[in-house]
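Here come two complexes built around subunit A, the first alongside subunit B, the second alongside subunit C.
The block that comes next holds the complex of A and B.
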């Protein structure tokens, strides 16, 4: 009994350290974004002036708008593709299905450097797609749709499918049933997935960096370009913005999931 | 182990549905077509192009000379790039083992003793894992840098007199890797422990096994899927890491991903980069294949 208690205590300590390790850097950056200190690496006094400077900074404005446009388009496209693919994978049995499932996993687990480099060569040497919005959006759809597939597949496994069967028994075609019955029932799950895709695209750096070309600075690329100058108050405010976007996305996703359960 | 009940297979569900609802041949491509095209055109085709480029020569100014050569692979395996490659795999393996050693007890404790705090504790892991990777690394750098809070704190406490030079060492890169990938180890393991059938543990206890043995003989084998899934999510991206060595290693510590990035950026040497990328990709696909083969479907489903 005593031995078990000791192990539990040890485990709890490890958990405590883990959470401190995970959160301290983020909390420090958020706190320092409100510090008056010139280099943003010390607490001196409370101020919100850096946020004013952030909004007034034209390079940041430009990068932020670009990142938002890309994330919105990616979110919509990846969610649509993810939904129909998940439905196809869940409902149908076809040749090469295990292969397709594993292949969809590739863009998710592959090192971003390989995906980025391969896409860069493909865009510039083969397809001659201009680097900038088109190349970034295609790349984002490539690594975001697989994520949508797996999130929505997870929802489908918990869904009540009798409604769909009823609709088809009553003579509606599968396509009509999908549009009129399945989709509305799945909608909260789909929205929940979209809310997770948005930060996933908004946050991406490595792949975007490869395919962005010159002049298409997204917000993460801007952050990277400023990194070599070390810690700065502006970077702290941008970092805070990123964490806030993720938390909002996550809460929105959670909200839609709750909606799903209530139905 | 084979006698234990498994979760119902997904293919069973599909089969029963197929019996009641007719499928027309044109319907399947309608649903899976777009994704198939994306995977074929934007995942496999670019990899094939890279494979092709890896066998040709590079000019002095980074242009491509279309003659067949194996030199890129010789260089990739030779003394110039080989050591970086092996070190990346070694570092990724170390990261993975450390992540398992820290991650498993954490996932276990949250799943078993989390109680009403469970969701909150999980939420606190998911938020950082979902936040921008670059931002998290920036935040960590702020903390462990020369003038960072860690050094300031330790000096003020009189524990050290000189600031610790953590940045730009292999240790810094390891800390960065663990910081970046640990959440992705905890979550799948948590899922597998959460899905554990409690009656099996009770049965084992009734039959007189001690807690430690119970863990080793029942819990651990049954959560193998989660462990494998976590390892896939952690190990594969780590081997090809570029950003972490870039930020925490400077030019001193390089990993396989750094080499690939270096060869593709600027003037670079595209065929050399391509051969490195292909070697990296082949290694990782092999590992992924083995993991899925031995972990089975369980690992796949625990992953997302």
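The block that comes next holds the complex of A and C.
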């Protein structure tokens, strides 16, 4: 057999196995969320009753609403902060700029356990910020903004900055130019960031667990707290929810990035 | 009776440095109302920087810029009465053609009806009727060019600045747009300030040209003056002259200087205005003004003040189809003359190694200084 053909076949098999390992657990969980089995660990028959139970469960409702509120606020705040940061990093020259630019990535690169623990100490010992919504939201903004900076900086590299010069040449001030030209042109990048930040915040467990304090249960924290009771079909439904939210966010972000390039 | 045209814009002793490098070096000039004025020069000569200084996109280090006699040195671009057509065109991708052109008018809070009227008037002027609802990515290069032009013209600026507007177009389109630009300018009467590195474009488009090199202004004049009477070796060479010879002026007879050539021999050239004998460093003669005669009889008796004649041998013939380039070595000299003959003139009667007489009217040559 041809040596090249063999290597190609081998690589294809490896990739195939990779994707199987990636998707099978998720598919199983989604499928079992529709199973009538009592513990949600086997397939017995089709039902949507677990979803009904999910909606009726008050603890879940509470955690879901809290996660949603945090994710929406984080999405808006982190996108705005990220956009302004990217603008400053791109346009202005100042001392230590390369260092600042690289350090933006730190929250993404550090192990979340370390970031979570550090933020907890920072909130309780140094800033005295109440644990709960304030601490969670601030923490989420901290590790989500770099995402926005990254995506928007990338978009800025590809942008035609003579557009700003043309706008000012035609009579618009810097502020008007930002409003009428720069922002609309950057909008796909900004939307792409927002679509990615929402699931990023919604799905987060480790950092949130550290800074949530008592009584502020987000959905991921709720799931963790239920695990000691063993598997349950409700966990499958929640997991499905996470998967669906994340996939929608990812594809929406991809759609906005594609929108960009076409222009 | 012809009145002298007003001054539209004046530049006085402008200097601009970027990190220690002088980009524009003490440049002064005046642009008249309604003319097409071009800055011409090689890459890096400072012409684009000068344009940007006028537009307000860069700030001058020294000197003054006056538009309609108003000093604009410290005014930001949105306060100056000029408008720029950028090399990259910079059309707003998220706006239709109509909105692109209307941009400046919207900024000035002009009424909707007036905007409509003025925008459509300009759309017609640049031949874009029917395309007002398209987006920039749906337009051809030439069409985008016209949108950029209309966008700036609709504001009726005192002076329109064009930064190598035709550089990105292919040759055929460039020629078409040159004609268009001139027609549009004559129709609206706005003063045009054009930056280009293309000599032919500058010659065909401009009323006056300023040649720049390394930040300095070398010569200003009409296209005829620049091409036929280059003041320095640089200008002659930049405008494409191929017969550039060095020498020193040794005497003056009437309006002619006698030049002793480096390669050997002496010739007479017209004395340029405002030039001393000591300034002269050489001369040029354009190939198209040279006559070639294979017949060597009767050429001995000529008055060198009227006609310059040399004997030489055809070194090489370069066939180009519609014409042939000839390279001729002169007898008793190092000089090599370049000229060409059209296909009609050639008729196979001039070949390599043939002895020919090379002649031109002495008043056709041009002396330069360095």
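By our rule, the second predicted complex is superposed on the first by the 250 of 263 C-alpha atoms of A that agree within 3 Å, B and C clash if a C-alpha of one lies under 4 Å from a C-alpha of the other, contacts with A are read in each partner's own complex, and residues count from 1 in each chain.
Basically, a contact is a pair of C-beta atoms (placed from the backbone, for glycine too) under 8 Å apart; a residue touches a chain by one contact, two chains touch by 3 or more.
Remember, predicted model here, so these are calculated numbers, not experimental data.
Undergrad: According to the stated criteria, A:25 is in contact with first (subunit B), second (subunit C), both, or neither; which is it?
TA: Only subunit B is touched by A:25; subunit C is not.
Undergrad: Could you tell me if A:185 is touching subunit B, subunit C, both of them or neither one (first, second, both, neither)?
TA: Only subunit C is touched by A:185; subunit B is not.
Undergrad: Which partner does A:160 reach: the first (subunit B), the second (subunit C), both, or neither?
TA: Once the two structures are laid over each other on A, A:160 reaches subunit C alone.
Undergrad: More residues of subunit A in touch with subunit C or with subunit B?
TA: Counting contacted residues of subunit A, the larger count belongs to B.
Undergrad: Who does A:168 touch here: subunit B (first), subunit C (second), both, or neither?
TA: Both partners, subunit B and subunit C.
Undergrad: Which partner does A:2 reach: the first (subunit B), the second (subunit C), both, or neither?
TA: After superposition on chain A, A:2 lies in contact with neither partner.
Undergrad: Looking at A:176 after the superposition, I want to know if it touches subunit B, subunit C, both of them or none. Which is it: first, second, both, neither?
TA: In the superposed model, A:176 contacts subunit C only, not subunit B.
Undergrad: Which subunit A residues lie in the overlap of the subunit B contact set and the subunit C contact set?
TA: The answer is residues 165, 168-169 of subunit A.
Undergrad: Under the stated contact criterion, what part of subunit B meets subunit A in this complex?
TA: 10-11, 13-15, 17-18, 20-21, 23-24, 27-28, 30-32, 34-36, 38-39, 42-47, 49-50, 53, 102, 105-106, 108-110, 113, 123-128, 130-136, 138-143, 145, 147-149, 152, 179, 182-183, 211, 232-233, 236-237, 239-243, 247, 257, 260-261, 264, 270, 273-274, 277, 280-281, 284, 288, 292, 300, 303-304
Undergrad: Write out the stretch or stretches of subunit A touching subunit C in their complex.
TA: Contact set of subunit A toward subunit C: 160, 162-163, 165-173, 176, 180-181, 184-185, 262-263.
Undergrad: What part of subunit C is in contact with subunit A in the complex they form?
TA: For subunit C paired with subunit A, touching residues are 55-57, 76-78, 83-84, 86, 88, 90, 92-94, 103-104, 107-108, 137, 151-152, 155.
Undergrad: Spell out the part of subunit A that touches subunit B in their complex, as residue ranges.
TA: It comes out as residues 4, 8, 11-12, 14-15, 18-19, 21-26, 28-29, 32, 41-42, 81, 84-85, 87-94, 100-107, 109-115, 117-122, 125-126, 138-139, 141-142, 145, 147, 149-151, 153-154, 157, 161, 165, 168-169, 174-175, 196, 199-200, 202-203, 205-206, 210, 220, 223-224, 227, 230-231, 235, 238-239, 242-243, 246-247, 249-250.
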